[in-house]
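Alright, structures below, take your time with them.
What follows is subunit A paired twice: with subunit B in the first complex and subunit C in the second.
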Partner chain A sequence: MVGLSVGEKHFIRGGIAQDLRADGRRRLQFRAISVETGVIPQANGSARVRLGATEVIASVKAELGKPSILHPDKGKVSIFVDCSPTAAPMFEGRGSEEFSAELSVALQRCLLGGKSGAGAAIDLSSLIVVDGKVCWDLYIDGLVVSSDGNLLDALAAAIKVALSDTGIPKVNVSLSAATDEEPEVDVSDEEFLQFDTSSVPVIVTLTKVGKHYIVDATSEEESQMSSAVSVSVNRHGQICGLTKRGGAGLDPSVVFDMISVAKHVGQQFISVLDSEIAAAEAAE
Partner chain B sequence: MEYVNLLTGFRVDGRRPNEMRQLKGEVGVVARADGSALFEMGNTRVIAAVYGPREVQNKGQQVNSKEALVRCEYRMADFSTGDRRRKPKGDRRSTEISLVIRQTMEASILTHLMPRSQIDIFVQVLQADAGTRAACINAATLALADAGIPMRDIVTSCSAGYLCSTPLLDLNYIEDSAGGPDVTVGILAKMDKVTLLQVTKYHELLLIAASFRTPLVLSSIHTNSITTILHTMCSLVKHFSCHLYPEGHCFL
Partner chain C sequence: MSAAATTGTYSPAAAAGEKRRERKEELRRHLAEDADWPRADGRSFHDCRPAFMQTGPTTAASGSAYAEFGKTKVIVSVFGPRESKKAMMYSDIGRLNCNVSYTTFATPIRGQFAFSFQGTDNKEYSAMLHKTLEGAVMLHTFPKTTVDVFALVLESGGSDLPIIISCASLALADAGIMMYDLVTSVSVSCFGKNIIIDPTSDEEAWQDGSLLVAYMPARKEITQLTLTGEWSDGKITNAVELCMDACSKLCDILRELLKDASSLAE
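The block that comes next holds the complex of A and B.
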């Protein structure tokens, strides 16, 4: 919970109206981002992303599983988010469940596409090992370690970086004579396949405070918001998902305006993120 | 399995029996917490955050209004273990460890100086490679020092076990899952007092001629070397309780 005095609230709102926010940023400016890969050695891929005082960790683990009967030619991906109580005392015990579920669902909506797997940011057919028998199950776990607003954008960025860090072991399958038997699978521990993460979108959340909207809001700014629209944008400027939060209603024309701004800001964010990924991989 | 090489005397990960894993600590990792620390013992990595002293949030939990209420929650990340699994929150193991950490830290915090207030300690395991209990206690100590909370002394903790007729310090996951007896010791560093002692498979230890004494002494000696490291770390911490409480309740 953020406790602000009347003066502080006025200062934050006034700053946003004048395009000079409390921390010196402009309305459509992100905080400094820092990216680190390979932070969880036990995972297939992992990343830590810091956006100002917000810090999240994403990990990708791959396990061999069975494809669903409805989609025998596709692997499975699931996203779970957990908010650690270290980030805020309100996440203690079961306090984080509702919020974590909200974040998980928003990320699933933006990254995983429809139920059939069509439109997913990750090519699900690349996860298949043997059609209808063996596939990779990707478990993407997000953990919020420190929270200072804009968790959704930070989590999406962390997942994008973690996916680009992910190596899926190469698998050799020896098909037995009887087709209904379980195929023998030999998982290589030397050769890894990399993902094509170029189409994985980022999320840009536009938070409406007063008459204006801002990107990358801090907790203090979020406490003053009337509503927020999270737009996920990929490299080609396509919109992959959209979520609106907050109680107040928005004029449809504002929504369209927000989408075009988010598209523009998102592409800038992707290029910043790409250079950060390259720097993190070079450092590793 | 051979946990200690008979010829060289080295362990599976190349350590000597009385050698600790590499330690690393960092304070101030969670910007919005009052105090926070990251602590690593080899591949075990935990984050601790302290909120408080602040007003008691739930008055029903306050038992004694003359002393601060200390609370603790231990949580493991879904990705912290080798095989991924989602565990329900507040399972028995987590509850037990939360309790152990709370009791250990309560023993060192000068709770009578902060009446009608509450201190929350949250520990989050990022990677579990055995010895999370000890790592959490060390991290919690650092975080409390970072928050400037007055303490009697620094609590340091370490585990030790007994495999292949050899007492081994600071077990890793392979050694921990070997099923031998092990102890976790928490020590008030300057006062040289044991505040935490947990022994599993005590009967096996009693049967072993070397007895329970060796691993205990071993881990108590080596918590002292953790102490040195924590002291160096704490001297970097900006808020000294000495400044806050000049009448001699100093933790360094």
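The block that comes next holds the complex of A and C.
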């Protein structure tokens, strides 16, 4: 929890009302973002994203599994988030469980798309190896290393970067005569296939403080929020997911306004992230 | 199908899965393409299922409500306000404790939500219910105490969460907990360019996207909004307005119901 005096609270609220926040940013301005790829050698893809003092790591691991009966032509993707107590004392013990679950659910909702796969970050049918028999299970894990607000946006950005860094080993299937038998698969350790990550959305959280809303809130600013709306936006300007936090109700017109602002900011954020990814890949 | 046919052993899951999939492919195709295709239960795209709601099914609780929308059956009990647990820290506003659980026979596959999804779906719905209601309940009217809201899904037939939310707000009103307004909730599914309201579980399983709105009609405030799938701006506006309209109508029904219940009690 953030302990703030009455004066500090007024300062934060007043600054937001005047479009000049405590760290000199405007209301719709992100903090400086820094991106690093390939930070976890054991994973198929990984990334570290720093957004001001917020730092998160995302890793993507791929394992061969069996597709579910209902969707024999699709692979599986699961997203989990862990909040380490090293980041903040409130993440110790059970306190982190609820928060981690909330973040995981929000990410799943924003990145995995609808039941039919519309708007999903990853095309699940691209993960299939042998129809109904073998598919890739993708485990996406997020870790909060240091927490200074806006964790959801940082995690989504880290996942986007990690996916662009991910190489899935090429699989050679030896077709046996009997179709019922388990097919033999030979996982190559030299050839890797890259994902098409162009449709992976980013999440933009608009935090409402007083009458105005801001992007990329620090934890001090988050402590003053009445409600927050997280919108996930893809490159084509489509909305892929939306969640609301905070108890206070919102006027419908404000909600529509927030969505269109988030769409606009999201496009800018995607282009910033793209150039950061290119720079990180060049550096590697 | 081939596995079930050639081996000759009884594996209902595989066969049922195949049949279900065929049926749903057809359903999906129709819902995505035709604007006037009647839904499986004969409704048009913008019709809600017939609803039955009642207050006071459980006598031990401070307030309770039962809701039945088509196949979906939900019961919600509200206990309290009662003293917060000793371990809780002092709080000058009241606490709202929400819990959503499924019976093991709520779903076609036994215990689908109660066991295998434990830790996700129940907790997810509990958290969602809490987030939706906390903005509507006047928590400052019962400091140092807790109000428990327990929801039990007897049968899951689609649009479970919105029905739990509406039913919970009816139960809270029945318990006499002070609220700014009744919260009602409605969800829509999107299929291609079409939007259908109050989806059944079959429709939910193949939707392209979903949108849930929880709304306080008298205050004109949205307390919860979630969305999955891929949506354009205009479609979101349409869907939200459709939901808000349905929420207002549902809220009028709840109000009438509460009035009838209180006049009966006198």
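In this text, the second predicted complex is superposed on the first by the 279 of 284 C-alpha atoms of A that agree within 3 Å, B and C clash if a C-alpha of one lies under 4 Å from a C-alpha of the other, contacts with A are read in each partner's own complex, and residues count from 1 in each chain.
Methods note: a residue touches a chain if its C-beta (ideal position, glycine included) is under 8 Å from a C-beta of that chain, and two chains touch if they have at least 3 such contacts.
Only a predicted model underlies this, so the values are computations on that prediction, with no experimental measurement involved.
Participant: In the superposition on subunit A, see if there is space for subunit B and subunit C together, and answer fit or clash.
Facilitator: Partners fit side by side after overlay.
Participant: Is A:Val255 touching the first partner subunit B, the second partner subunit C, both, or neither of them?
Facilitator: A:Val255 contacts subunit C only, not subunit B.
Participant: In the superposed arrangement, does A:Ala279 touch subunit B (first), subunit C (second), both or neither?
Facilitator: Neither partner.
Participant: Considering only touches as defined above, state whether A:Glu98 meets subunit B (first), subunit C (second), both or neither.
Facilitator: Only subunit C is touched by A:Glu98; subunit B is not.
Participant: State whether A:Leu4 touches subunit B only (first), subunit C only (second), both chains, or neither.
Facilitator: In the superposition, A:Leu4 contacts neither subunit B nor subunit C.
Participant: Considering only touches as defined above, state whether A:Asp82 meets subunit B (first), subunit C (second), both or neither.
Facilitator: Once the two structures are laid over each other on A, A:Asp82 reaches subunit B alone.
Participant: Based on the superposed arrangement, let me know which partner A:Val185 touches: subunit B (first), subunit C (second), both, or neither?
Facilitator: Neither partner.
Participant: Answer with first, second, both or neither: which of subunit B and subunit C does A:Leu70 touch in the superposed model?
Facilitator: In the superposed model, A:Leu70 contacts subunit C only, not subunit B.
Participant: Considering only the touch criterion stated at the top, classify A:Pro41 as touching first (subunit B), second (subunit C), both, or neither.
Facilitator: Only subunit B is touched by A:Pro41; subunit C is not.
Participant: Angle subunit B-subunit A-subunit C between C-alpha centres, in steps of 10 degrees?
Facilitator: Here the answer is 120 degrees.
Participant: Using only C-alpha atoms, work out how near subunit B sits to subunit C after the chain A superposition, in angstrom.
Facilitator: Value for subunit B versus subunit C, nearest C-alpha atoms: 11 Å.
Participant: Residue numbers of subunit A touching subunit B in their complex, please.
Facilitator: Answer in residue numbers: 39-43, 46, 52-53, 55, 57, 59, 61, 63, 80, 82, 84-89, 92-94, 97, 139, 141, 143, 145-148, 219.
Participant: Show me the residue ranges of subunit A that touch subunit C in the complex, using the header's touch definition.
Facilitator: 69-70, 98, 101-102, 105, 109-110, 112-116, 118-119, 179-180, 227, 229, 234, 237-252, 255-256, 259-260, 263
Participant: Quick check: in the complex, which residue numbers of subunit B touch subunit A?
Facilitator: Touching subunit A: residues 29-33, 36, 43, 47-49, 51, 57, 73, 75, 77-84, 86, 89-90, 120, 122-124, 126-127 of subunit B.
Participant: Quick one: in the complex, what on subunit C touches subunit A?
Facilitator: Those residues of subunit C that touch subunit A are 2-3, 6-7, 13-14, 17, 20-21, 28, 119-120, 123-124, 127, 131, 134-136, 190, 204-210, 216, 219-233, 236-237, 240-241, 244.
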